[in-house]
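Here the chain labels run A, B, C, D and E in written order, and each chain numbers its own residues starting at 1.
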Amino acid sequence: MIDKLKEISKDQLLAEVKKYADSKAKFVTGSCNDLGDKLEVTYYFNASPGMDMSALRFVVGKGEEVPSMTGIYLTAVLIENEMKELFGLKVKDLAIDFGGHMMLAQDSPVLPMLKSEDQKAAAQKGGK
Amino acid sequence: MNAWIIAIVTVIVAPFIGGFLAGIDRRITARLQGRFGPPILQPFYDFFKLLGKSKIAASRLQLMWIYAYLVLMITALLFLVLRLDILLMMFILGFAGVCFALGGFSSRSPYSHLGANRELMQMLAYEPVLLFLALGVYAQNGSFLISQIYASPTPLISRLWPIFIALLVILTIKLRKSPFDLSTSHHAHQELVKGIMTEYSGPYYALIELTEWYEIVLVLGIVSLFVANPLWVGIIIALAAYVLELFVDNITARMTVGWMVRFVWSVGVTLCILNLIWFWVFAAFKGVS
Amino acid sequence: MGIIATSRLKSPWIMHFDNSSCNGCDIEVLASLTPLYDIERFGIVNMGNPKHTDVLVVTGPVNRRTARVLKNLYDQIADPKMVIAVGTCSISGGVFHNCYNVLGGVDKVVPVDVYVPGCAARPEAIIDGVVMALQKLAKLQGVAL
Amino acid sequence: MAPRTITPFGPQHPVLPEPIQLKLTLEDEKVVDVLPAIGYGHRGIEKACELNEYPKNIYLCERICGICSAIHGMTYCDVVEKLWPLEIPPRAKYLRTIWAEMSRTHSHLLWLGLAVDALGFESMFMQYWRIREKVLDILEMTAGHRVTQSVAVVGGVRRDIDDDQKKHCIEVLKDVRKEAEALNNVLVNDYTVKARTVGKGVLSYDQAIALGCCGPHLRASGVKEDCRQLGYWAYGDLSFEPITAPGGDTYSRVAVRCGELLQAIDLQLEAFAKMPEGDIAAKPKGSPPANEAATRIEQPRGELFYYAKGNGTRNLERLRVRTPTYANIPSLLVMLPGCEMADVAIIVLSIDPCISCTER
Amino acid sequence: MLPYNWMMAVAILLPVVAAVLVYIIRQYHVRGVIVILAAIALIVNSILFLLHGKDTFSPANAQMWNMVVTVLDYLILLFYIYVGISLKNWLVLIFALTQIIPLAWLEFGMGGSAALANVNPTFVVDHLAIVMTLVISIVGSLICVFAIRYMYDHEHHQHLEKSRQSRFLFWLVLFLGAMNGLVFANNLIYLYFFWELTTLICFQLIAHDLTKEAIGNAARALWMNSIGGTALIIAMIILFAKDVPMSLNGILSGGVASAVLLLPVALMCFTAMIKAAQLPFQSWLLGAMVAPTPVSALLHSSTMVKAGVYLVLRLAPAFAGTRLSVMIALVGAFTFMAASGLAISQTTGKRVLAYSTIANLGLIIACAGINTPLAITAAILLIIFHAVSKGLMFLCAGTIEHVIWSREIEDMEGLAAKAPMITTITAIGMLSMFLPPFGMLLGKWMALESASVIPLAAWLFVIASAAGIVFWAKWLGRLLQVLPKLGSKIESLSLSYTVPLWLLVLGIFGVGIGVASVYTGLVQNAVADVISSGQALAVQGWGLTVNGVSAVSSTANFAVGNYPVWPLFIVFAIAVLIPFIFVAIKPGELRPVYMCGEQAGGTDTDEWYSTADVKTKVQLGGYYFQGVLGEAALNPWTYTLSIVLMVIMFAVALLAIGGAL
């Protein structure tokens, strides 16, 4: 269970993030999960100063474009680039775009964090 | 004929003295840092090892400047031991520095380029003090010839002690010691890697080491001029100054180029000018009375 | 040549390059400079610049980006040169052997003379590695260490 | 416009122990623009963690970073324990706290050494690392290894500290504290160090929050924020108050870490005194359930964030690690422009970068 | 040997004839031949002057020549008024009127024309004048030869429809005649005429390209030098009022005793300082940089500005031992320091050269102010060395400009690969400007050794000298910065470029190595013409020795300093020339430079992998410190201080008069 998790749609994202920015919250990080045909993106924020963390979550299809929050929180540039190159999340209007080669070199595997068939099968088996 | 013998002996013996001093430097530094340190002869091992490395260069022109650096440094040292004109010696030392900087400029390496620029800033800082020293020598002896310093019964330090202090400040720059190890440093943990020496490797780097040994002897020789009569006192003072520099090296962080120029110009140059003003006023009074 | 060969054994300057290691071995390489181990006793100095290096000390597994850097640095070192792979990862990839961005050990990219195992390799082992490299060099040159 | 220099700084650079590159644009000596390039330390550990069974991941996570390796291991265990959830025994909490603070002690000594070395203050670097060896010795004595301690297991810790060891540890820690205090006094009062750090790389209170900084870096900008305030493990029982400094400059960051170094030793001494007897580990039952959890632990460099998702198998569905350096790197974009080339090294080091952490 | 009046005619009138010819004949080759022939004639003629030695000359029909000079004077001034009105530049107009009205008043109101007509001799050719005419004829002529091809390329690059090369060469060649006249003139009205003629030609040459900037800068040069002209006329009025003979000889024979003379002398020195672009009047010379490079070369090396230092040197006996002398030394020394400091922040090659010229002229004027035999020797040697080196430097700058079509120092990066020959020549020129064993350094060394008379000047020298090293070495480094693969193909340049260049290089080495002969054969006599007391420099063995009186021992012939000329050249050969020939060209094993392990490719690339594996070109900018040393930052200070110094200079002259009365 993630505490104080708010599920939103990707269109609400910027408005919600703006609220955090207005309340001077700190951006903690984001994470991405491969749900098969969809990607689940979660952003974590912290009400600074203090240790009160809350989260925003949205789920998008693998081909869908997602707005970038780097216009509001520049610091999200690393995580958004990372999700873009490791998961194939289509983030548009990035403040600094590393063009898919922030972490990965030219000859690295493409979208390496997506689940392989083996992994999917193993997870299915465990679920049962 | 005598001058030839002195010159040849100097060219042969000076690097041994310089290398030996460098070895002592490393040992004392290590002890100051709570370490045991390398053998005293370590600089010589380094030197010969470098001679045996393959000859790699980043640019053909850079080699020429490093030879020039060595030759001019030896020339400056010969001016000292042959007791010639001290002002001209400072100019030749300046030429040597320019050659070193040009060596740094002559490859398209950002680090050696930045180091060379810093070397020029260092020259901007120390060159006035060296020239003021020459003017001070003239103010006291009425001559720019080093032979007159040896002939004079009054040691320079008795009336030129402010310039002596300024010289100690720039000694730190010349010996490339902290806080002024800016254009390059003896241990490559600075922001410019090895600075101006970054692109020199193998035998060419050995040439720089050799030049530095000559330079150590030269700058300590300049320090020893302050008590040239008897010379052994001057040599002791020079060695003491060397050890002092080692201590300063170990109790300070590296400063920035801008700070160095401001410091040397405000403290060093002011001391020199005050010293010369004192001579001037003194001469004026003597003229009146 | 004799004095040069002897001097080579007494003055190995090292450069450390961290491929994509976990920092464990890197810090141990640095630690070997410090008072307790004092690597400079053997004339070993950390130069940090390939142009002044005799012994390249490599830590960590080679990943797809550092492979290029490692090759470049190795090419800039003047002969004779030795390479020491410090730590399990730099020998074989270690725990990272099956990570997608890891190529494997250092010897996939540059020839390695001495392997120093350990996770992380201890400073004593690193110093020992350098000495072994020197022994190898001495053998090649046919002089006694 | 004055002519400019554009130069790489890294990946191999003597002041950077780890591979990261900064593309610097200089005007004279002044930095006018900077663009960090990362990816030299990316291995793909998050993916590897999905492929391994969950107990094995401890060893992998410990090798995310070799400096705070013990804390990575413990944080991983902590987040996996939260999936069940699984409560660990009180003594294990204290032991984890002690090892975490011991790691912090050696890490801060290491950083102080590297920082003064970047300032060209070699003799002080040697002194900090000399006393660091003493801390490494007690780490080795208690955990079995100087660097990768491997003390955590899911459910508690792997080994205990007995009374003899405890006595020795306390002795050494007191000794280290005395020496560190003396060195810190020299460091924060030294003219040259002050000249090089005061007012360099300033990050204001608001900027620090807006850029999502964390750890000593954040606290040096005056933000009182420390994960240990959450009271995880034994921190709730210990008298802990975050150390902050108002300046937001490099000097403040040095001062905060000097303070935290002593504080870490104090916390260990306090924890040794309060440590209860009892078991050191609880046994986890079965596989981590299909649940998700996030945890935040204060690492020497700042807030370490772990997110784990289980799927009922012995493999984790997803493990996400966000290390403090990952959060602190963007602040370089603010701190570096306008500084001098000479200050680049110390400003970069002032966030205490751990690239292998960042890129996993 | 030619009769003396023919020699005078060749020196002054031949350039006029040649100028008219090149103006009429519009064929490139014929015009070139005329320029070359005139150049040869002038050079030979100047050597004849040297052989002939000291003499005086008055033209046969003095009446007619006086009339011609007077008419031309007023024509020039009327032209200034025309320029002022047509450009709507009121400064030009005002300072033209301040010349023409007092001049008319002096000649016709006060009746000065009779006194001026009675001056005998009209021309005095002493050794100082011979030195000057040698410099003007040799260096100046080489620059004219260079200009033949330069202007062709210049216009080719500009895509001009109608060639204006004839007009350019007309003024350029005419300049040499005006300068020769100026240095020979003894009669003050002749001096004034040639003085104004150089100002006029300078205006025409700066404005040559007819851009807005060129015309504006030309106008500035005009009004600034008109201030000088005004001061000269006022000086003449005062002299006339005091019944001093209206000639340089008259002023000098008055001697130091008559303190009344100090004010006109100060005014004439002021005139000279404006012409020598001393602070705060440096901006006209900096503005002159917009002109085609041969103009700069001519203005900076052998003509125009040298007229200024010549006049100060010429007047040196008139102010010897006074406080005015001290002030002149300080104005010069201050200019030397400030201009050297400002040069550090300059990004354009020609502006660096301009500041360096201003600085060196300051040094020469300071030497004249120091006014000891050694200092005067230094000044005259510096005039020679500076003319050769700076002439070469500007020709190099022009050639480089035509190779890369840019004047920016940063663009000269890697020139050694593109154009090895011109780079080598430029490097020699630069080395000769500030390093031993070359003449400029010898001059600086002598200046410092003599400066102890005025300690403040010596301190300014020291600081300037340090700044000089920085800006020269910085630029030189930029030129030599190359990729490992050095271009082996030597560029082909027109003979019109290369012949003057190589001759000047030869000149640098020639006067450098043979400085002892130059001194004994030429400079020694010139010094004796200026200052008769004592001989400070002696040729001894392979070097030069400075003699003086010791404070320590009372030996009569006591050495103050020693400059081993030939040993230094041998060292230079060992250090730079021999390695350049053998080592630097010998192929070594080349490896790419250190770029933190990210260099992209082999030795022939200067790219590196940056963020996201993108290839990025390394860019290497120099240090300029425009925030600290830039014109915007320093000028308020330098202007204030230099104006204060000038005011004090006049104040001491007036006080001296007060004391005398």
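Everything below uses one rule, namely that a contact is a pair of C-beta atoms (placed from the backbone, for glycine too) under 8 Å apart; a residue touches a chain by one contact, two chains touch by 3 or more.
From a predicted model like this one, the values you see are computed outputs, not experimental measurements.
A.B. asks: Identify the chains in contact with chain B as well as chain E, in label order.
C.D. replies: Looking at chain E and chain B together, the chains touching each of them are C, D.
A.B. asks: Among the chains, which has its CA centre at the largest distance from chain B's?
C.D. replies: A
A.B. asks: If you tally contacting C-beta pairs for every chain pair, which pair wins?
C.D. replies: Ranked by C-beta contact count, first place goes to B-E.
A.B. asks: Which one of the chains is closest to the middle, using the mean of its C-alpha atoms?
C.D. replies: B
A.B. asks: Among the chains, which one keeps its Cα centre farthest from the Cα centre of chain E?
C.D. replies: That would be chain A.
A.B. asks: Could you grab the centroid distance between chain A and chain B? Build each centroid from C-alpha atoms only and quote it in angstrom.
C.D. replies: Chain centroid spacing, chain A to chain B, equals 59 Å.
A.B. asks: What is the distance, in whole Å, between the centres of chain B and chain D, each centre taken as the mean of its C-alpha atoms?
C.D. replies: Those two chain centres are 43 Å apart.
A.B. asks: Between chain A and chain D, what's the gap in Å when you average each chain's C-alpha atoms?
C.D. replies: Roughly 24 Å, centre to centre.
A.B. asks: Mind checking the centre-to-centre distance between chain C and chain D? Centres are C-alpha means, answer in whole Å.
C.D. replies: The computed centroid separation for chain C versus chain D comes out at 26 Å.
A.B. asks: What parts of chain D, by residue number, touch at least two of the other chains?
C.D. replies: 5, 7-8, 11-14, 26, 29, 35, 39, 42, 44, 47, 51, 126-127, 130, 359
A.B. asks: Two-or-more-chain contact residues of chain E, please, as numbers and ranges.
C.D. replies: 591-592, 594-595, 597-598, 611-613, 618, 620, 622-623
A.B. asks: Give the residues of chain A touching no fewer than two other chains, as numbers and ranges.
C.D. replies: Those would be 101-106, 112.
A.B. asks: Can you work out from the touch definition every pair of chains that touches here?
C.D. replies: A-C, A-D, A-E, B-C, B-D, B-E, C-D, C-E, D-E
A.B. asks: Quick one: which bits of chain A touch chain E in the complex? Just the residue numbers, please.
C.D. replies: Result: residues 98-102, 105-106 of chain A touch chain E.
A.B. asks: Under the touch definition given earlier, write down the residues of chain C that touch chain D in their complex.
C.D. replies: 15-28, 30-31, 33-36, 46-50, 60-61, 63, 65-66, 69, 73, 89, 94-96, 98-102, 119-120, 122
A.B. asks: What part of chain E is in contact with chain D in the complex they form?
C.D. replies: Within the complex, chain E touches chain D at residues 347, 409-410, 595-598, 608, 610-612, 616-626.
A.B. asks: Under the stated contact criterion, what part of chain C meets chain A in this complex?
C.D. replies: These residues of chain C touch chain A: 63-65, 68, 100-101.
A.B. asks: Which residues, counting only chain B, touch chain C once they are in their complex?
C.D. replies: Interface residues on chain B, with respect to chain C: 26, 30, 33-39, 42, 44-49, 51-56, 58, 187-189, 193-194, 197-202, 205.
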